[in-house]
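Going by the order they are written in, the chains are A, B and C; count residues from 1 in each one.
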Amino acid sequence: MMDPILVTNNVLDGLLMGLLYSLVALGLALIFGVMDIINFAHGDFVMIGAYTAWLLAMAFWVDPSVTAIITVPLFFIIGIGIYKLVIEPVLGAEPLIQIAVTVGLGYVFQNIALALWHAEPKSFPAPWLNFSISAGGITLSVAKLIAGGISIISLYLIHYMLTKTKFGLAVRATSANREVAPLMGINVKKVYAITFGIGTALTALGAALYMSWGQTNPYLGQSFSLLSWVIVAMGGLGGVIGVLYSGLIVGVLEALGSTFITPSARLAVVYLAFFLLLWFRPRGLFARR
Amino acid sequence: MALSEWVRESRKYILGTIILVLVLAFIPFIIGFDQYLLLILSTAAIFAVFVVAWNIIGGYAGQLDLGAFAYIALGGIVAAQLLVVYNITPWIGMFVGAGVSAVLAAAIGYPTFRFGIKEVWYALLTAALVVILNNIFHLPEVLGSLDHYLPPANGWYYLKFPVYENIYWFILAMLAIVVFINLWVSKSKVGYYLRAIREDELAAEALGIDVRKYKLEALVLYAAILGFMGYVYIVIAGTYSYHTFDSPHSIAIAIMGIIGGLGSIAGALTSAITLKVVEEYLRASIGATIPGIHLLIYGLLLIIIGIFKPDGLAGIYESLKKRRTSGRKKISGGGNP
Amino acid sequence: MSGGEEILKVENVVKRFGGITAVNRVSFNVRKGEILGLIGPNGAGKTTLFNCITGVYRPEEGRIVFLGEDITGLQPHVIARKGIVRTWQKVRPFKKMTVLDTVTVGALLRTNSVTEAKRKAEDILKFIEFPEDKFEVMGKEITLIEHKLVDLARAIATEPTLLLLDEVAAGLRPNEMERLASILKKVNKERNLTMIVVEHVMRFVMGLSQRMIVMHEGEKIAEGTPQEIANNPRVIEAYLGTKPL
């Protein structure tokens, strides 16, 4: 029998990871929901973001999470650039072509990273936040607590932006009907570019937070891509709330798989759940209807 | 489809395949049986087999399968374990491996197509399948973390040799067979139905096509070929482990298929052999200073083709041909083999 | 001409989407050899009814009986094999297949031989007067009227007993409509193919069909010869009143 305190500890840890996953997946959900682009390179933006955070942390000798101040606006601009260069030409193309192009983009990112920094994992050697606090037998990483907190705040801000601002209204109108939106004076191409920028910026935020305790390698993006898509599938485009719940579920599933089977099988548990979800609830767990 | 009808319809392509394979088979004599070059050629040839097999599910049926190594590794490991544990010859083991992979494909494919999962979700599902099997085979009860080796013995009984030319020729023979299977699919009722499904599922179903059944058949055929070739892949790789469930290479197979042009056998062959040979060349020449340079090129090619030439190499060839013969009436057989 | 046996019986079919009843207790029969017009304003439930008959949707209530067999809720490909085939309001071409191959796909429903199917496809394309120099052109490279003809040809190639045409005239110019109408009449007469023609281009359907049904807000409000329909006060009020002949 497993020690219940250990299990609780791991589940709490999983919930914190889940918040971070939600943050990253929200970027993907926005991109997929608003412009119907199938982005297989989303996780690779996280990977590039992680290297950027690591480089800046090494240069200024600050905790990687602090570098988000620079990487988030930087990636917003990079995101818009990539959108103009690669994504806009395949808007409305067959899914297969979109997948091909974004897989190609991911390959380019991975191998730029491999060429520049090689395969050995990189991490910041002196993170300020990588210590733990304990209470009643439960031990949690401060870095993960802070990452979870910032993730929640960011999710709320995006939710607020989508529901309460004029730009949010334009985003929702575009995602509801991209033929009618332009008739209402919405510049669809601009909405797309900004949405892609925001989606990319969120990966940079997630990456910077993650680097406070984690390490990156050129292939970090692959699991982030798949996990983000699993969360989007579960969330069923049910808005920020759906993404949040789905991220938490994924985080907990991963923790349970890691605890009860073995850490190397944690992804298998999540993906098996993904199979069952697609087969039996193809509209997601939190679909709006 | 009757055999004679198939031969008549595909005569040109059958002949072309035989000539191509004979030319490829002759290369070892030109390069003086250089073992390193033969290893590269064998790798390129086996990837050509994989990509041509992928063409059935990806090119004809239009399902973006990213799970090739689920079937390659499973079939290969089954045959390897049969040899290692029970000393059963791979000549039997490979058929068992093909069967196991086919059963897995049917078990995954049935609910997947039953519930209408396609496009991005199908791609994700198949990508996830490789990771799931990778994780399962990593468990200590299955293969654990260690590399496993085939028995040291060599010879046709083990389909394993101290030199590469034999396995290279064996792969070429398989390549010819898999191309013939493709040609047969392409020219037969199944091929017409799969292409119709790729173009428009709803319209295809309204014409009386059992979409699920045909997709499943394509998937199972693809998986069986991959499962059969798995053992040969392990022979070339030298070892097997949970790493044999290889996600990046699974995606690479789909990429080569897309670059070649969906549904085009010639495109699949060209793109697999060229890309693999260029890859090995780049790895050997500048790979030490710039690792991953070949994959970087894959990525760029994919973006460029996706944006400018979604029909791939086959599309480029077609438009060149059209420019040359414009004005003249075009006569062609079925499809676009 | 319209006295043939009844091959299709639609009995009290109901189809709802959420709170909206798209088709409400609709019943009608189709007789062998006739062209039956099905008209009604946009949103009247015509296409939904089509989708119920062809198995795209499963109706909540009612039965659909074809050649004496209950086919309610069968899968679309099973219904097509039994002999009900449709065309589409928005053309659904096989863009990367040639015209001839597209029609061959239809013909393969009744044979396993590609050679035979191809021969049949050629015959049908010639029969509907499709330009022969375009047999080998890709689906993405032909005009709208040609798309409609290919759509029609691949449906005929499956050797249906009953052909459902969903707004075939939509988007066509008047001279193209005339061409299509004469082809449809020829198909009906020479191939003895029964048809239901859903349409809201009135002139087209009036000239084509021997009998008509009018739907409005999910219900059948009238049935009769084109002459009777044109003079029916309920039809004029519900439909023709807003869209004169």
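Here, contacts are C-beta pairs under 8 Å (C-beta built on N, C-alpha and C of every residue); 3 or more make two chains touch, one makes a residue touch a chain.
Since the model is a prediction, treat every value here as computed from it, not as a measurement.
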Which chain has its C-alpha centre closest to the mean of all protein C-alpha atoms shown? B
Most widely separated chain from chain A, with each centre as the mean of CA atoms: C
Chain centre separation in whole Å, for chain B relative to chain A (CA means): 32
Using Cα averages as centroids, what's the distance between chain A and chain C in whole Å? 48
Measure off the straight-line distance from the CA centroid of chain B to the CA centroid of chain C, and report it in whole Å. 42
In their shared complex, chain B is touched by residues of chain C numbered 54, 56, 75-77, 80-81, 85-86, 88, 92-98, 101-102, 104-106, 108-109, 112-115, 117-118, 133, 136, 139, 154-155, 158
For the chain B and chain C complex, residues of the former touching the latter: 1-2, 5, 9, 187-189, 192-193, 195-196, 198-200, 202-211, 263, 311, 329-332, 334-336
Give every residue of chain A touching chain B within the complex, in rising order. 38, 40, 86, 89-90, 93-101, 103-112, 114-115, 118-119, 218-219, 222, 226, 229-230, 233, 261-262, 264-268, 271-272, 274-275, 278-280, 282
So in the complex, which bits of chain B are touching chain A? 62, 64, 111-112, 115-117, 119-121, 123-125, 127-129, 131-132, 134-136, 138-140, 247-248, 251, 254-255, 258, 262, 290-293, 295-296, 298-303, 305-307, 310
